[in-house]
Structure formats: C-alpha cells, structure tokens
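First chain written, first letter: the chains are A, B, C and D, and each begins at residue 1.
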C-alpha cells in the first residue's frame, strides 16, 4: 500500500520536474526554431548556481532557487542576444554552439566546484506522515508543488497575456509576426530567459532531491527531448501527458526491470511513437 | 568579408601561439627525479573522488621530497608525479596509460578505481611490465588474476569490509536476521552478491535480494523500493560511491525505513551524512574514516594527511589518504628492493610480509583469492554516523585476504 | 602562354603535395621521436576519420543523424563477441561486424526514411541512446557497465612474401591497417559522392519533392546512404575494438555521437575533406594540451567558438578561402 | 486510337469538401490539353493526383492502358510522366546544368557499382547525358546561364529551368502547372516557343494556365470549377461557353 502511494507520488514528482525542463526546451524550439542541446547543461548550471547561493552566500534555500533562476535567466537572455541571434537561421552553427556551450559549462562546473560531493540544501527538509504508515519527504512534495505552480503560471502567461499571444504569433510565423510590428528579437530573448530560468528552478529542486554532478544535464536533456517528441513540438497539453508517461516509466519500471532496462523501454516507446505519428501524440498533423 | 578573413587569421595565430605554450612549459626538468604516473579521472563521473586521490599524491610527493626523497643504491631521487586524465572512459584510460608508459616512461602507475577503467589500463601496463597500484577494485576476475603480476591492490579491498560490517551488525543489532543488498550495476554485482551471501550464512543472516542500480541513476526511489519490498531488517550497501550512497540512504529513510544501514565500503561518512541529511542518516556506519584529528585511534599518518590537506587545499577529502598510501607504498618497495627493475620490484613487493599503510601495519595477501599475492591487507575502520549527524570512529578491525 | 605554364605548375604542385603527404603518412612510424603513444593517437585519429567521413555521407543525403556512435558500437560488439564466444578470426568477425551493422542500419534506415529533418535527427538520437542502454543493461552478453574484455586482438598475420606481421608486438601494423582502411573508405565515399548516386543524394537533400518528380526514390536512396555510412562506422568500430582490447558502452553513448557531429561540422560539412580536417584538429590539439589536465576541455570549447563565429564554412572553408587568397597574390605576382 | 492518359471518376476529398469530384478526362497522344478553371478549382490537385503526390479518394488513372492510381511519384515519373510545379521548385544549390543533368537519373539506368568504379561505359554515358542536357537547355533558351546556381536565377528563367528539368526525364506526357505564371513579356514568348518546340518533338502536354495566349495553343481545353468538369472542347468552343462565363465572370455574356 505505502509502496504504491510512494511510487505514484514519486512518479508525479519526477513528471513535474521533467515537464519543467522540457517546457523550456519546447519554448525555445517553437519560438526560435533552435534545438537547444545545451538546455541540459543549463539545468545543471542552475543546480550549481543554486548550491553556490545556498552555501557560499548562505541564502535560505528558496531564495537561492529564486536567485539562481534570475542568474540563469539573465545568462539565457545574454546568450540569445550575443550568440544565438548572430547565428540565426544557420541550423548547423546553432547546433554546434549549443554543443560548445555544453563543453564549456560542464568544464566550468568541473573545475570550480565540481569535485566535491554536494547537495542543494532542501527547501523543506523532513518527513510527513499520511495515515499511519505512509511517510513521504516534504521536499519532494514541495518540489512537485512549486513545479506545478510554475507550469500553471507559464501556461497562463502563454495562453492569456499579450506577451504570450505575441510568443505564439512568432512561433506560428516569424515574418508575419514581425510584419505586425512584434519585436521578434525581444520575444526570442524573453523566451530564452524564461526557458533558462525554468531549467534553473528544476535544477535547484532536483539538486536537493538527488546529489549534484556535472553530467546530470545529459540524462535530463534526453528526457526533455523525449517529452517534447512524444508530446509533439509546440503542444503544451501534450507535454503534461508525455511528462506523466515518462515520469511513471522512470518511477515504476526500475522496480521490476533490472539495470537500465527501463531506459530501453522508454526510448523504444519514443521511437515507435515517432514512426507512427511523427508530429507526436498531440502535435497538429502536418 | 575582408575583416572576417583578418580576424580568422588572428584566431589561427592565437591557436598556434597557444600550441607553443605547453611545449615550453614541459621543457625544463629537475635532475635525478623519479617519475611516478598518476592515472586518475580528472573529468567525467569518476572525477569526484579521483581528483582528491591525485591531490593526495601531490601533497605526499612534496612530503617525501621535503624528507629528502628516496635513496636507491646510495643515489638520492626526488619524486615527480606526472598526472594523466583517464576521462572516466575506457578509451581515456587506455590513452592515459599509453601516455604514462611510453611517453613519460614511468615505472609506477598509481591507478584508478572503476572496473573497466582498471582493465583498460591493464591492457597497456601488463605487457609493458609497469607496476600499477590500484586504489580499489570491484573483484571482477579481469581486474586481477595470474596474468596480471604487475597489478597491485594497495587500497583497502572491497571484500575486506563485508565481514566486519556484518559482525558489527549482528553485535549491535541482535534482532537483525535479514538484510537486502544494494550495489551498483558495474559488472561486479553478481560476484559481490554471491560473496555476501556466503559471509551472511556464516553469521546466520539471510540476504533477501540483490538490487543493482545503473551508474547514471538519477532517482533512487525505485531501486530502494525494490530493496525494501522484501521487508528486510537492515540494508547492506556494497561498493558504490558517496553521490549514490547518500541518496540511497536518504530514499530509504524517506520511505520510512528505520533499521540499520551499513555501507560495507570506504565511502566518506561526512559526505554521506550531508547528502542523506544529517538528521536522519543514523543508524548508519561505513568503513570510511573520521576526520577528527583529536581522536587517538587515528594513525599519525592520517592526521598528517588531514593537516597537510587542509593547509594545501583548504579542505580535506578522505581520498587524499589513498594518494598518500600509494606513494608511501612505492617508497617502501623502492627502499626494500634497491632497484629499478620492475620485475625485481614486483617480486619484492609480493614478498613484503610487513608494510606500513596509512591505516596502520599491513602485509601482503590474496594468493588464494586472486592467484597472485598482490593485495595489501591492513585494517578497516568502523565509523558510525550518530543520530545528531556527527561522525565517530568506533574501532579498527584487522583483516587478511588469503 | 603564361597561364598554361601556371596551370602546369599548379598541377605539378598539387601532385607534389599529395606525394609529400603520402610519403609522410607511410614513413610516419619510422620518423624520429614518434613513439607508441604518438601512433596510438594517430590510430585514434584514423578511426575517427573513417567514422566522421561516413557520417558526412549520411548528411549529404539530407539525413542529420545524431546516433552514429551507436553503429560503431554495434560493429565493435558484434565483432568482439563473435571472436570471443565462437573463437573466429578477428579478420572474419570484423567483416561480419561491419556487415551486421549495415543490415541493422538498412532496416532502421528504411523505417526512419519516413521522417525528415529534425524528426529524423530525433529518432536517430533515440536509437543511439536505446542501443547504448541495451549494451549497458544486457550484462550477460556485453559485460554491461564494466565493459567487455578478453576478446582476442588481431594477433599474428603471416603474409606470403612479407613474412609474419605481429599485431600484438607493436602499434605499427595497426597503424598501417587503419591507414589502409582510411584510404579505402575515403576513396569509396569520394567515388560514390561524385557518381550519380551522390548527385541523387544531394538532390534529395535539397528538395525531396522535386527529386521524386524526376523519378528519384527518396526511400531507396536515403536507405542506401544510411547503409553505406553505417557500414564504415561499423568497420571503424570493429577495428578499434580489437585494437583497444576493451569495450565499454559509454564509448558509444550520446556524447560520442555528438562529438562525431562536432568533428564534421567544425571541419566543414560542405567539403569532402571537412571531416578529415575536423578530426585531425580536434583530436590533435587537445592532445597537445593534455598538460592542462581538467582544464583541457576548455581548449576544445574555445576552438569550437572560434570556428563557429569566425569560419562559417568550417575549417575546410577557411582552407579554401586561404587558397583563393594565395592564388590571387600568385596571379598578381605573375603579372 | 487509345488515349495516352485516361482519368475515370477521379475524386479527392479534403476533410469534408471535394477538391475534385467525378472527373473524367482523356488525353490523346501528341496533343496539348489545357486545364482551365478559376483559382481553387482543383487544377493543381488533379496534377498531384495523376503524379502520385496525393492519393485519390475514388477513381482510377490509366497511363498507356496500365493503371497508375496511387503509385508513388518516382514510379509515375519512371512510367514517363514529367511535371512542373506551380512554384519554381528546383535544386537551389545545383547549377542550371546540374539541375538538368540530375534529372537523367532514369536514363540511362546507371548502377551504383558502375558509378563507384567509374567504368568507361559509365563515363561515356555521363558524357552523352551532358550533351543532351545542353540540348535541352538550348531548347528552353537557358544555355548561357548553364553555370549559374539555381537559387541565383531570376523567377522567369527558374520556371523555364523547371520545364527543362521535367523534359529531361524524356516524358511521354508532360504536365506543366502555370508554366508562364509570373513571367514578364519576353520570357513568356521564350516559354511559349519552348512549349511549341516540345510539342513538335511529339511530347504530349497537359497545362494549367489562365493566360489566353497560351490557351490558344491547346488542341482541347477542359474547364473545371469546384472540382467538377463544366466544359470541354476546343478554344473556340470554350471561349463563349456559358458555364465558363459564369465560372469566371459570374454572368453569361462576355465582357
């Protein structure tokens, strides 16, 4: 019974964090047509910056997360302004730049703080008891809550506000949008900042749940891509479903399948879905 | 367009200039030095620990040189550590070994940790008859066997910890009858599982399940769920490293497991307490070591390393001890053998029935287990993390590997 | 008159350059100060040249694969396991490994050929990581994370006339083997690219719509490109496996695949020589900077950034503009 | 004599509405057939259905008495139906000459291995192809631009190039989709003379066009509106056909 509950909750926790990362990846892709392979590295950087604020500057955990989100958001905007904007419309060079970014960020983390075992101080340590026997870690729950809250906020931002409408406009047709007087670059910058910020928050939250390491981004990047592909490019609702699918695969399958078998299953699913519905489960047919 | 060309020209010039730098740097060399190769992961997932082993070697080399270096056949030799990054990959490991053996022409390589990295390096060092000192090894048959006479295990052996851990478990927690084992999926899980089962049987314990987690596991909940599903009285972690052990303990506690958790390995208790959360790590013990310089039970060497590490790097990490240990092994063997012929050296090493480790007196063993008498046996510590998160050295236990 | 002389001069010059390079490569092991480690790096470079050039072949047909290392892995593991379990000669198993890779590639290539652009990249990415995860988790067959060891090297080859060549004794035979294979690979790939097949590939890459309207079967030719490319990847992987004597799945995961792409893009995708240049530069320079230890990857990153922002056409493009500039000045000198 | 192309009850639904419905049409050998109709009448859809770029919902298409309904585009092309597109789609990074040479993929059937070993036969074939390609370029009057990159051509010549490319597969039937759309005057003359020359070589042509000058060339004209055939006949017959008037101008008498 408690095993079941814990597993289900954990599935939701993982899902919410995956979605947080994937959302940023999808955002950049749909607004800028850039496959930002460095998204995982940014997530990793977020975790480290958060650790930095939390320990070196002794900020309270929640403040550390906020600050790291801010730092990374600014970093993202700078990236957009001074790098991706220059390489615009050159797919190969954009891709290469993202890869270079991975190398740089990972090495930077490695040589600065990387070598010591560390963990982001958790926002809310301790356990809560549900009923008699079922215990759960508060930080996982809180991580999930924060993630869901952010997801709602971003969804509202995209669906309801003017900025969101402009973003969707740019995503649909860049040129038409700029003809309608939308400052495409500004939108791209904001999207990049937002995406980096979300990744940073995810990093901070995950960094308190598990231990930090400089290659934690690689796995998360693949997860994000899996989510986006299963959902279909530029489908927010889809992300929710695909996130839950992958989250539960990761939370449940390892219990039954030894070693890395669960990964094989997850990727096989992604391949099959791609082959059957290239535009993803919820993407509009092209 | 033109400017672009110019700039790229400049860029190339810079690149070339950069190329020139290291060659100049590596130009000057001190006379009468003895090079010792360090084959450690400075990048990649194994670097978290092995960088500190490297640091340990560096500070020990300084120490030895301050004391006047090593004397062989009346000649004084200063030690020089040449470090190569094995990049935590098989290719990297092989490349680093090649570099050390053929370019730096070292006679000793202070080796790595992860099975496939050790094995890959062995492919190079054994044919070249270069003595390689492993920190650690996961007992996969390829790592050490009769075909690897030049490979020595100087760090504490993995199988040495299992028995003492179980003894401590049965003494301190008599109610414990069953335990489930959690270990990384690095190829050794089968061997270790069988080994533990045997040891457990001797002590009337029952091993309910062996759970193996892949190296890049991000979330340990599922694996721990699997381990706890058999309702064990205790959990026994064998092998693995702090970044994993910490979260595993954390997960187990979060899932409401209150029984004793033993790390039958040499993970740092402080790191684990940090990762698992000080408040709910206990009851937990490991064979890693206390950093309390006032503890009389710590050997003088250990205290020396702790002091020097804090002075040199501002921070002590227990992997510094491994580095110190390896270098001192080399020194002892050299002084005993009074020769640079690796065959002679290896032979002398095997015959040393008394050898000083950083953890106390030791001797050679392993002939029955591995077919070669290349394993240094000394003693393991039981170090417990107390409920308040502080770390206490409980006792030393001597061990011998036949 | 003047022009013709210059033309001859250039022709002679070109052959001269080729001759010098060939001589250098052939005599390399015998040059002074060339130790086993140097040869080891050369063998590595040659292996990557084969892999990267074959990757470029796939890109030429408009298929941006991000899972190429996985196919090297398939070749390597197939060959290693066969030679270990069945005790067959590595010479045979290497070929089987390459062939097996081709079969897998052609089948998957057929399935994937319905996907274009990013979607194709994504499916290859997933294929790559899935294969790697499989290698990692199928411990009984591949040795899992601890890697596969104990499979035979190429050993002694007795050639009538030359006598016995012992591959175990030194690196020189391996070097020549890889050199031969690299030459063979580049020759074949170059011929195909210059032939009508290559033209069809480029046509499909530029506009699948038009290509099919003039009777070019997209599926067939994309499959062909994928098969050919992966054959050489498998070949390179298998040879490297027997050379290194230990295989670990981590060598064929996402990052290695991505590095192959980096080598190619940095060298310059639009030039046949691009991958060669890219690999030589990106493998050689970090080697020179080994002494920087954990800081070494920065060098790699810096080079990438330089190329990305200063050389849009990649290093090969730079070479070409250099040649143009040289010829300009040469002509000016002549007049 | 039997028709070269026979279309029976061709129907294509997009979602609910029929872009083409119950279209019957037959093209005799050696004629130029004009396919007329207001914008959105479904002319291009008919082309796409014939050449296999779209799958028909119902109906059959016969080419030289053999059914080609729903065959893949490259197979249809191999059977001998060449086509151009409404927009000047071409290989932007190939030169004009390469654009045409590439289209000789079907003839001669050059094998992978021949190309790989660069056999003498293969080289001779490629030589022949080169000269034939030049001929075709001369036919459409692009021989001077032969080394220009496709993407650097102005729109008019691009359209001519697509015609040349379609011609290079030696089609028995050539489908031209608005061959002179967006051209200016002298380019139009160039195109028209090219089309006449093509026809004089005995290639059957179906063309979609609004331009009346081009329609005069046609031996027969089929007019469709909302996917249905509303009239068929010679230019003269069509010119004053009431249905056509209504379709085009909304009322019966000519302007």
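Observations on the model:
The criterion applied here is as follows: a residue touches a chain if its C-beta (ideal position, glycine included) is under 8 Å from a C-beta of that chain, and two chains touch if they have at least 3 such contacts.
Just so it is clear, the structure is predicted and the values come from calculations on it, not from any experiment.
Shared contact partners of chain B and chain C, listed by label: A. The minimum number of touch steps linking chain A to chain D comes to 2.
Among the other chains, the CA centroid farthest from that of chain B is the one of D.
Chain centres here are Cα means. That of chain C falls 43 Å from that of chain D. Rounded to a whole number, the gap between the C-alpha centres of chain A and chain B is 35 angstrom.
Centre to centre, using the average C-alpha position, chain B and chain D are separated by 74 Å.
Rounded to whole angstrom units, the spacing between the C-alpha centres of chain A and chain C is 33. Residue positions of chain A touching 2 or more other chains, listed in rising order: 107, 110, 258-260, 263.
Residue positions of chain D in touch with at least two other chains are not found. In chain B, the positions touching at least two other chains are 43, 47, 51, 185, 214. By the contact rule set out at the top, the touching chain pairs are A-B, A-C, B-C, C-D. Interface residues of chain B facing chain C in the complex, by the touch rule stated above, are 4-5, 7-8, 11-12, 14-15, 18-19, 22-23, 25-26, 42-43, 47, 51, 83-85, 88-91, 94-95, 98-99, 102-103, 115-116, 119-120, 123, 138, 140, 142, 184-188, 190, 214-215. Across the interface of their complex, chain A is touched by residues 111-112, 114-115, 118-119, 121-123, 125-127, 129-130, 133-134, 136-137, 139, 144, 254-255, 258, 261-262, 265-266, 269, 294-295, 297-298, 300-301, 304-305, 307-309, 312 of chain C. Across the interface of their complex, chain C is touched by residues 51, 53, 72-74, 77-78, 82-83, 85, 89-94, 98, 101-103, 105-106, 110, 112, 114-118, 122, 126, 165-166, 168-169 of chain D.
By the touch rule above, chain C contacts chain D in their complex via residues 188, 191-192, 195-200, 202-203, 206-207, 209-218, 224. Residue ranges of chain C in contact with chain B, taken from their complex: 35-37, 40-41, 44, 136-137, 139, 143-147, 149-150, 244-248, 250-251, 285, 288-294, 296-297, 299, 303, 306, 310-311, 318, 321, 325.
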